[in-house]
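Across the two complexes that follow, subunit A remains constant while its partner is subunit B and subsequently subunit C.
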Partner chain A sequence: MEEYAREPCPWRIVDDCGGAFSMGAIGGSVFHSIKGYRNAPAGHYRRLIGSLTAVKTRAPITGGNFAVWGGLFSAIDCSLVYVRKKEDPWNSITSGAATGAILSVRNGVAAMAGSALIGGVLLALIEGIGIMFTRFSAEQFKPVDPTQMPQDPQQLPPKPLFGGEQTSNSYQ
Partner chain B sequence: MRTFKVTRMRTCWLGNIWILHVTKFVFILANFTQSFPFNRSQMMNSKQDPGGIFGGYGMGDPNVGLAGSPNSGALLSPLHPYLNVDPSLVGPGGAEYIFPEGASKTRGRFEMAFSQIGGSVFAGGAVGGANGIITGIKETAAAQLTGPVRRTQMLNYIAKQGASSAQALGVVALMYSVFGVIISKARGADDELNTLTAATMTGLLYKSSAGWKKCGRAGAVGFGLAAVYCLYTSKDRIKGVLSSKGYDSL
Partner chain C sequence: MISIRICARNQNKFQNFSQLFFNTCPSKDTKLCKNDIVRRFLHRNALNQKLKEDSGRHNTQIAEQKDKPFSELSLGQKVARTGKDASYLTVIVIGVSITGAMFYMIGRELFSRESPNGVYSTALKDCTNDVRIEAALGKPIKGYGETTRRGRRRFTSHSEYEVEGVKHIRMKFYIEGPHNKGTVHLEKVKDPNNKYQYRYMFVDLDNSNRSIIIEDNRQMLDNLLKQV
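Showing the complex of A and B:
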């Protein structure tokens, strides 16, 4: 049920932006609390203060950067859905690459190409893993050929009296 | 596999909507035929019945509304007689929706959380950006900047103020959502108390490192905003309570 709970397209941008912001802010809190603790001067109290200060100043910035990434990604994704009239993994991969390129547009063409490559490969990995999971989980719902199903054991021919291995493979 | 899932979702959704529309249409039809001028006298006869907006159905006459009964005529019930039921007698009034089994009638806090956080981030960015435009115009005019320098400075103002207010609002929304989800999961209920508690705790946490005074003030602001919101969202219920009290005193 959770899988079907995604927003329809224009609102998906807001949704993804919020999800990315939460991810970045919570992850940034953990990351910067550790980093601030390690970077602070000696003494437990000072380390805690340093950790808290780092979280307060840096975690929202991390969250904001994530939010920009998520919002832009989702906006491009929705635009591609609108233009191409279909939803497939190529939308995600393309929008990942385009997001990477757009966010490093001030750093020159080479940096844009690099970021686009990283974004595209990352999203291709994510999509690939998703497809793989779907395929594995779909395997157990595969329709079974009724002629290959195991039959009622009461109607099977009796075991041969001195037989060793049974050669029939219709029970598998 | 992916396309299969998407199509399945859409059909489900469409199916729900379709049922909804059909139900609504049936009720509209029933309502329309009931308020047709030919039946005016009959409605007047059954005035004392608690019929609601769907018109009174004469309780004394079991044949009312049934096709072929002598005093109803063909116009009164073109529908199947079993559909000619006052819906307010069957269930509570209000909009009638069909929900999947086990699903709650509104989305829970967790389902709403990401949209709310994202909306807050967007709103903060918009407000901060507008603020940045105003500040930028003032500051660049005061510094007598022109051309590309002014443009770059304006962009800096807009981006910086937009980002900072988007971050601030987003963090507030994130705290509120986290508190709200935790409280509603812990209590197993989702009501106004959760909203008030979560908002107060958000205010306290947001200013928790700024001293007791500011912390308390932020908590009070959170509580006040939540109280206003709760009053606004439940104004119909409050009205109902007040009016029923008036009846009691009479």
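Showing the complex of A and C:
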């Protein structure tokens, strides 16, 4: 019972912000090292210098952009959890769309709609991957003998402890 | 399709290139039209080159036509071209079908009432509307699934299975109010009308040994399914 005793929500924003920053910083380093290498003047030494300069100047910016996205996303997600009193994939899809819209608010309504759509679809795809993974991981809990019913939980009428759906189903 | 490769040192050549592609020709004879465009393009390039040479800077550029029209190819080339096109087409078809399948899966998960997410939604609603649960947990009741490592709790643990061709789904999720928490266990069964019915649903309260049984239709449903 301990693993869900702690509320993840307000702390998760900081968590996501940091995670997104490191993801952006690492990805940005790789991207900008290649880009800096290609854009530098000829000569291996100069190219390496150029690559290093590009990483130094650009990768933190990419990380920061990612962190803004992640933090805002998580904040909206948590707000939605608080308002709706429910946690389901809709929260993250909505907050992805809202994040996209908010971050392009200075570019006008059309840009907001476009990036809201992109954010929503992207998050829906991520959710879909998550759903797929849970489905495939849930596959192994199917009854071994499909003709045999799994036992009913014993809380129905009498009640001993029923610990964990997956482990306690003995299929006779 | 005509594709033209340019090796141009100066930027403004690309303007010509884009003009070439987006130029719409009023003539209906496409072949003529294409040739016309190409000729115009080459002519303009030649002019540019002349200008460049006049100004003293050497500039090399090549405009060449790749990909002959299909009718002019030999048999072997035709086979090769068809194979290439077919392989590209398969890549496109595979990509589109994977995307479509993913969107279908997501849509079914989100909008259907018989998907795990739909079952979770209706069950949560039924729980929060139950008077006994409201009394035990307090008023604003929230629901969530299993906690992942990243602090997400939106996936409920569930298993779908079939017994003698009848679909069952078992699910477990958590509800929480100001006074107490609880774990909801439920099982749904497709009745003869192919609709999911609760076989049972009960809530285990955390701080007491009590469990609140919301639905228990096992007797009724099992008899119903036996008759069919």
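We take it that the second predicted complex is superposed on the first by the 136 of 172 C-alpha atoms of A that agree within 3 Å, B and C clash if a C-alpha of one lies under 4 Å from a C-alpha of the other, contacts with A are read in each partner's own complex, and residues count from 1 in each chain.
In this section, contacts are C-beta pairs under 8 Å (C-beta built on N, C-alpha and C of every residue); 3 or more make two chains touch, one makes a residue touch a chain.
It should be emphasised that the depicted structure is a prediction, and the values quoted were computed from it without experimental measurement.
Participant: Looking at the overlay, does A:His44 come into contact with subunit B only (first), subunit C only (second), both, or neither?
Facilitator: Once the two structures are laid over each other on A, A:His44 reaches no partner at all.
Participant: For A:Ile131 in the superposed arrangement: first (subunit B), second (subunit C), both or neither?
Facilitator: Both partners, subunit B and subunit C.
Participant: Subunit A residues in contact: does subunit B have more, or subunit C?
Facilitator: Residues of subunit A touched, subunit B against subunit C: more for C.
Participant: May I ask you to decide whether A:Asp15 touches subunit B, subunit C, both, or neither, giving the answer as first, second, both or neither?
Facilitator: A:Asp15 sits against subunit B and subunit C alike.
Participant: After the superposition on A, what does A:Gly64 contact: first (subunit B), second (subunit C), both or neither?
Facilitator: Touch status of A:Gly64: first partner only.
Participant: Touch test for A:Ala25: subunit B only (first), subunit C only (second), both, or neither?
Facilitator: first
Participant: Of the partners subunit B and subunit C, which touch A:Leu52 in the superposed model: first, second, both, neither?
Facilitator: In the superposed model, A:Leu52 contacts subunit B only, not subunit C.
Participant: Which partner chains sit in contact with A:Ser92 here, subunit B, subunit C, both or neither? Use first/second/both/neither.
Facilitator: Second partner only, subunit C.
Participant: For subunit A, which residues lie in the overlap of the subunit B contacts and the subunit C contacts?
Facilitator: After superposing on chain A, subunit A residues 1, 3-4, 11, 15-16, 19, 87-89, 131, 134, 138 contact both subunit B and subunit C.
Participant: Can you check the complex and tell me which residues of subunit B touch subunit A?
Facilitator: Residues 1-3, 5-6, 9, 12, 100, 103, 111, 113-122, 163, 166-168, 170-171, 173-174, 177, 209 of subunit B touch subunit A in their complex.
Participant: Within their complex, state which residues of subunit A touch subunit B.
Facilitator: Going by the criterion above, the answer is residues 1, 3-5, 7, 11, 13-19, 21-22, 25-26, 52, 56, 59-61, 63-64, 67, 71, 87-89, 131, 134-135, 138.
Participant: How about subunit A: which of its residues touch subunit C in the complex?
Facilitator: For this pair, the touching residues of subunit A are 1, 3-4, 8-9, 11-12, 15-16, 19, 81, 85-93, 124-125, 127-128, 130-132, 134, 138, 141-143, 146-150, 152-153, 155-156, 159, 162, 165-166.
Participant: Provide the residue numbers of subunit C that touch subunit A in the complex, in ascending order.
Facilitator: 102-103, 105-106, 109-110, 117, 120-121, 124, 128, 140-147, 150-155, 157-164, 170, 172, 174, 185, 187, 200, 202, 204, 206, 209-211, 213, 216, 218
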